[in-house]
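There are structures below to look over.
Each of the next two complexes has chain A plus one other chain: chain B in the first, chain C in the second.
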Partner chain A sequence: MNVIREALSQWNWYLDGWIIVAGILCSVATALLGNFLVLRKMSMLGDAITHAILPGLAAAFFISDSRSSLPMFVGAVIAGILTALFTEWIRSFGKVDEGAAMGVVFTSLFALGLVMIVQAADHVDLDPGCVLYGAIELTPLDTVLIAGWEIPRVVAVLSIVLLINLLFVICFFKELKLSSFDPALATTTGFNATLIHYTLMTLVAITAVASFETVGNILVVAMFVVPPAAAYMLTDRLGRMIVISVILAVIAAITGHISAITVPHWFGYGSTSTAGMMAVAAGLLFVLAALSGPRHGILVIFVRRQFLAWKILAEDIIALMYRIEERDPDLKPDAGYLREILFSRAWPTRLTLYYLTHQNQIAGSDGQFELTEAGRDRERQLVRSHRLWEHYLVEHAGMSTETIHRQAERLEHFTDRQLREKLNEDTNETDQDPHGSPIPPEELTN
Partner chain B sequence: MNTSNSVSPDRQNDTSNAAIPLSVYDLTVAYHRKPVIWDVSFDIPPGKLIGIIGPNGAGKSTLLKAVMDLIPKASGRVQIFGKSYQKNRHRVGYVPQRESVDWDFPVDALDVVTMGLYKEIGWCLPVRKKHKVRAMEALERVGIADYARRQISQLSGGQQQRTFLARALVQNADLYLMDEPFAAVDAATEKAIVQILQEMKESGKTALVIHHDLQTVPEYFDYVILLNMRVIDHGLTADVFTPENLQKTYGGRLTLLEEATETMRRREQSL
Partner chain C sequence: MRLFAMIVLLLSLCPAPALLAAEPSISQESITDRSISLPEWKDWRRVFFLEDYNTRIVILGTTLLGMSAGMIGSFALLRKRALMGDALSHATLPGIALAFILATSLGMNGKTLPVLLSGAAISGLLGIASILLIRNLTRLKEDAALGIVLSVFFGAGVALLGIVQQMQTGHAAGLESFIYGKTASMVASDAWLIGSAGLTCMLISIFLYKELTLLCFDEGFAHSRGFPVVFLDMILMGLVVVVTIIGLQAVGLILMISLLVIPPAAARFWTEKIFYLSLVATVLGALSGMIGSAMSAIFPNLPSGAMIVLVATSMFLVSMVFGIPRGILIRKVRRYQLNTKVNRQHLLRSIYEYLEAHRMLAEKQIKPVPVTALYQMRSWSPTALHKIIRRAEQNDLIETVSGDQIRLTPLGLTEAARVVHEHRLWELYLITYADVASSKVDRDADAIEHVLEPEVIAELEALLIQQASSDILASPHTLEIDPGNTDSSVSQSGRPGS
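And then the complex of A and B:
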């Protein structure tokens, strides 16, 4: 804990505050557009554009011979849009798929850009490292005066870009949704999907250019794609997905910076790159989302399956004990005896027996168990479900009496009282199953 | 034709075709210089259910897409109610092929149906309550209002198809282009869709439907277009849906196809 306190003792609200603000503005601006890249399965195109803006930047250097922002901005945006165009052309004219087309375009442009930047670096003050990894730590040093406030230039630029992206997503929410989901319907109903596509790509290029000073040319891809992809795991509604991606982007920016200045100290190193840690934080959030998402989450699916397995085991135990009791009322089985017949593993059986005891469906003494009245009730309902299903399968599904047992065995575990009542109606309230065994009543009347 | 009287007579060329929902003349479409459909010409009569029949790869989907300008035409002319598609596209509704839909997209059934109203709502304006009410009515009409709030991958095949049918219904078009609406649906849904198609026909709509199950063709469609790169024949079902024409359309593949259909049918019944 001391090391953390020590690391945070260097915390400076002015410096660290502005760095975090820049990180948040950048990650939110990218995440907003990233949602549509992910949903259009164009994450790679975002990647391509962000790489390909490099020669645009370099060309602007050569032409204007300065680091002034406007020519750079224009040059980079043009390069970004050209990437989208080239990719589309190569894809439609050459016989290659979109991935290969993009690979051709953006690696060539990126390489060209690198060569140009290394050349430019000789006579213009430009560090290739900063271009690739960003220099978010330098954010507070370069300020402009806006309405009497001294604001870092990067923050001012990113604020404008964020505002544009926000307005774009809010104003064209409906159009983006439609053209991402069904470009054919968009085009046939007069919302030009191609126009929307290139507008989105232009904004991606602008956002990438605005972000390259903070998180750099390479890491910006993580900011575009990872928070929306994580949000996609957590919800299945578009509006919620966008909101969640923004929240995750903010969390990634804050935890990214804090961990950049604390985590390395735990291992005795100095602070590391904030942009890098932002991408790492986003990656961790994605892993968390992938594990815990409500629908696709690996953990959730695992837990759901376990619960079902235990429920079925519990019902099998009750059923087995009922049959044992029918045959020999004095025999009180122990866990080992039950396991032998059910082929169940030791600890799930023990847990289930504990659970059933807790539910008062069985009572145990000295490791031996017997059914309680509640347990017999439950078993009677299971038998009732089973036999009603058998009857139904023969009557309504036209199955033969030999094959129905296994089906009914499975179905009985998923049958509640309501369904039993329906089955009872459909089978004309019969009291015998196809094998001639009696179907027990829902409640004992005595 | 009686409807031509109601159309303004000032444009000769238009009035002559204004009653024909879809007129295709000399249409050729090619992918990478290899023709997919070749010299396709036909007119379809209004207020009828029309089936497009042909083997896989015959260019059925390509034909519909070319009609809607979704893919470029190598040559030919398409007219919708006597005008170019661009001028009359508001009169066309489209039900896409189920393979082309991204079922994991984060939208629910109601969202999808509401998309049919976006054109009417216009650029940038939000979806309002009244639009959702209309979308709900369409979902009720196809019988899946209870599932309006389900994400589309959690609907059954039949419910998914009905969702897209409901979307076409709210578009309130006069000509519907449907790419295999009966694919992967259960018997109950198939009946429901046929019922809705009949109702549409009775209210004067025309539907052009890509269809695969040859056995139901005479029952469902008044008019058929037999397509295998070229139009083999088109006309009233009773006239052109003949064994000879089918043999020409499917070539030697017909018996194999019949066999496969039969196997699938048996497998479905055993479920």
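And then the complex of A and C:
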């Protein structure tokens, strides 16, 4: 802890505060648009644009003959838009897969830019590393005076970009939503999905270039994809997804900067790249979201499946014991015997048996088990479901008597009382299944 | 098909240098005081006969790299993972930095190739595992998985490089050029490394050819046949990692990505078969490596990596436009031909139906038809109709009698009868078997009559016409032609020869 305190003792509210503000502005502006990129399966566009703006910069330099930032900015944005445009053309005219089209376009543009820059290399230093990519750590050093306040230029630029993006997303939310999910429907309902697409691409290019120039490329590439992808794991609604992605982007920016200062101190080094750590923080948030998302989280799905497996195993055990009891009332099976027939693993079987004992559906003594009344009740319902299904499959689905057992075996686990009633009504309320076995009643009357 | 591959090879050879020759002039225009001195004969000879040791190494290395990348890339392309090379090459960065840090802190020289390569390989494999996990366990798609792995790993790498720069013992300067390699400084050992690793990758992919093909086209089927799908996927990605890493070190990031993506994408325009796809991609990759580095050696001031990409791009553009089964041009031509055929058949059928409605078919002589009557039958504009008529005249199907009257030739009449027959067969089929209302069948049949195969026609005839007859069917619905002075039920009895 001492190390961390020592690291944070260098914390300067002015410097670090502005760095975090710049990080948040960039992350939020990027994540807002990133939602639509992820939904349109264009997540790699941010990365493609980082490489593809090179010829734009070179051309701007050749035309304006200066390294001032406005022509460079315009050149880069145009190159970024062209990337999206060419990708779309190659995809639609050449029938090439989206990713491949993007790969062709951005590598080619980058190579073209490289050739152009090498031609100019004798004149001027146009190293892409210097011109292209700013560093977020330098944010507080370059300030402008706005309305009497001294604000870092980066913050001013990114605020404008964020405002534009926010307005765009709010004003065209419905159109964006529709054209992301169903462009054909969007076009038939009367607005131009293509226009929305290219406006989005233009804003993506502007956001990307403005951010490269101010805070570097890593942050943009990461924030276009990672927070929206994490939000996508947490919700099914677009509005909520956008809000969550923005919140995650803010968290990633703050924790990223703090960990950039503190984490290396644990190993005895000074602070490291803030943008890099922000990307890593976003990545960790994604892992958390992917694991614990309420409906699509990996852990949740795993647990749900596990519970289902146990439920089916429990019902299979009861069914098996019922049949054993039918055949030989004196035989009291033990865990090993059950496992041999059900092909189940050792500890799930033991766990399920324990659970069933706890539920009072079976009673065990000396490792041997027998059904209780409650167990027989549950079993009767299972058998009823099974035989009703068999009957239904033969009568309504036209299946032959040999093949129905397997289907009914599967369906019986997902049949509740209402469905049984419905099945009973639909199968002429018969009391025999196709194999001739009796269908037990829902309730025992005597 | 083998001959075809040769033609592809030649075709892609020819235009590439021409396009590239224009390349320097573009940048030349941009800055006024630059001029590229044209290379003399001895420069050309030096490159073409590989007299220069350095040129020899570079050309050999890039050609081998292009070959292996082209082959592996074609599987990645079909698996819709063209940008996997991009993601994985970024994912190697933290491994490189970490390997350097670890090796240096253990007192070794951190900048040796084996150390950095193994670091890159390990973090590349981690990247693969992450991509597979995200794709298989979440509902995110391929592109998002690639984007996440790329950006997060790269971010981690940059953060680690930030630490590397503070180290006193290491000399971190070379790490950057490890990522953005320089082709011109390739040495013999690099070429050997590329050659052996690339060849191994190609051999593995040839050995697992059937499995990888199955994986690319039908993962579910492969799984159901008991192939270890995830394992094969890992192998494919592992091959991409190996090719990427050896290439990364020798020629740099962007070039590596483009060699994995562009030649297979270009080859896709030339073939529908995966075997020829990988073959053509291998050849195109080798050619771009060869020509690109040769260009760079001949002309001064052209970076070889960028030139290789641009050669590959120009091959891609040529393939996209001129490619034979899937290029843009051939598809346009085919659509044009189909449109022409459809228009011609519509014209013939309209004339026939007009004649039929006016009870003119039974007569010995073929009667002329006024062009103005045809306007009403379809939404033809005058210019379009005249163009169609002119083309039909060139095919000897109709002839102009006088200014406004056209007439079917005997050939035209046979053709028209056939078209009408096929149209009505399909209408009848729709009415009998598909339960389509007879007022609607005309439009449906209109769409399909032009593409019915002879076998389908024969089957339809067997199905619908019990008595063997070469007669033209009557229309199953009333035709909307004003029959003039004849009564309206005429279309029902308009069978010639009956």
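One rule holds in what follows: the second predicted complex is superposed on the first by the 336 of 446 C-alpha atoms of A that agree within 3 Å, B and C clash if a C-alpha of one lies under 4 Å from a C-alpha of the other, contacts with A are read in each partner's own complex, and residues count from 1 in each chain.
Convention: a contact is a pair of C-beta atoms (placed from the backbone, for glycine too) under 8 Å apart; a residue touches a chain by one contact, two chains touch by 3 or more.
These numbers come from a predicted model, not from an experiment.
Trainee: Based on the superposed arrangement, let me know which partner A:I90 touches: chain B (first), chain C (second), both, or neither?
Mentor: Touch partner of A:I90: chain C, not chain B.
Trainee: Between chain B (first) and chain C (second), which, if any, makes contact with A:I298: first, second, both or neither?
Mentor: After superposition on chain A, A:I298 lies in contact with chain C alone.
Trainee: For A:Y232, using the defined touch cut-off, is the partner it touches chain B, chain C, both, or neither? Pick first, second, both or neither.
Mentor: Both chain B and chain C are touched by A:Y232.
Trainee: Thinking of the overlay built on chain A, is A:I247 touched by chain B (first), by chain C (second), by both, or by neither?
Mentor: neither
Trainee: Give one of first, second, both or neither to describe whether A:F172 is in contact with chain B, with chain C, with both, or with none.
Mentor: In the superposition, A:F172 contacts chain B only.
Trainee: A:G283 in the overlay: touching chain B, chain C, both, or neither? Say first, second, both or neither.
Mentor: second
Trainee: Report for A:I78: first if it touches chain B alone, second if chain C alone, otherwise both or neither.
Mentor: In the superposed model, A:I78 contacts neither chain B nor chain C.
Trainee: Is A:I151 touching the first partner chain B, the second partner chain C, both, or neither of them?
Mentor: Neither partner.
Trainee: So which one touches more of the residues on chain A, chain B or chain C?
Mentor: Touching more residues of chain A than the other partner does is C.
Trainee: Counting contacts the way the document defines them, which residues of chain A are shared by the two interfaces, the one with chain B and the one with chain C?
Mentor: Overlap of chain B and chain C footprints on chain A: residues 95, 232.
Trainee: In their complex, what parts of chain A are in touch with chain B?
Mentor: Within the complex, chain A touches chain B at residues 39, 95, 171-175, 177-178, 180-182, 184-185, 187-191, 232, 235-238, 240-241.
Trainee: So in the complex, which bits of chain B are touching chain A?
Mentor: 32, 65, 68-70, 89-90, 92, 94, 96, 100-102, 105-108, 111-112, 115-116, 118-119, 121, 123-127, 151, 153, 167, 171
Trainee: For the complex, which residues does chain C have touching chain A?
Mentor: Touching chain A: residues 23-24, 26-28, 30-31, 34, 77, 80-83, 86-87, 90, 134, 137-144, 146-148, 150-152, 154-163, 166-167, 254-255, 257-258, 260-262, 264-265, 268-269, 301-303, 305-310, 313, 316, 320, 326, 328 of chain C.
Trainee: Looking at the complex, which residues from chain A come into contact with chain C?
Mentor: 38, 41-44, 46-47, 51, 58-59, 62-63, 90, 93-104, 107-108, 110-112, 114-116, 118-120, 123, 218, 221-222, 224-226, 229, 232-233, 260, 264, 267, 269-273, 275-280, 282-283, 286, 290, 296, 298, 301
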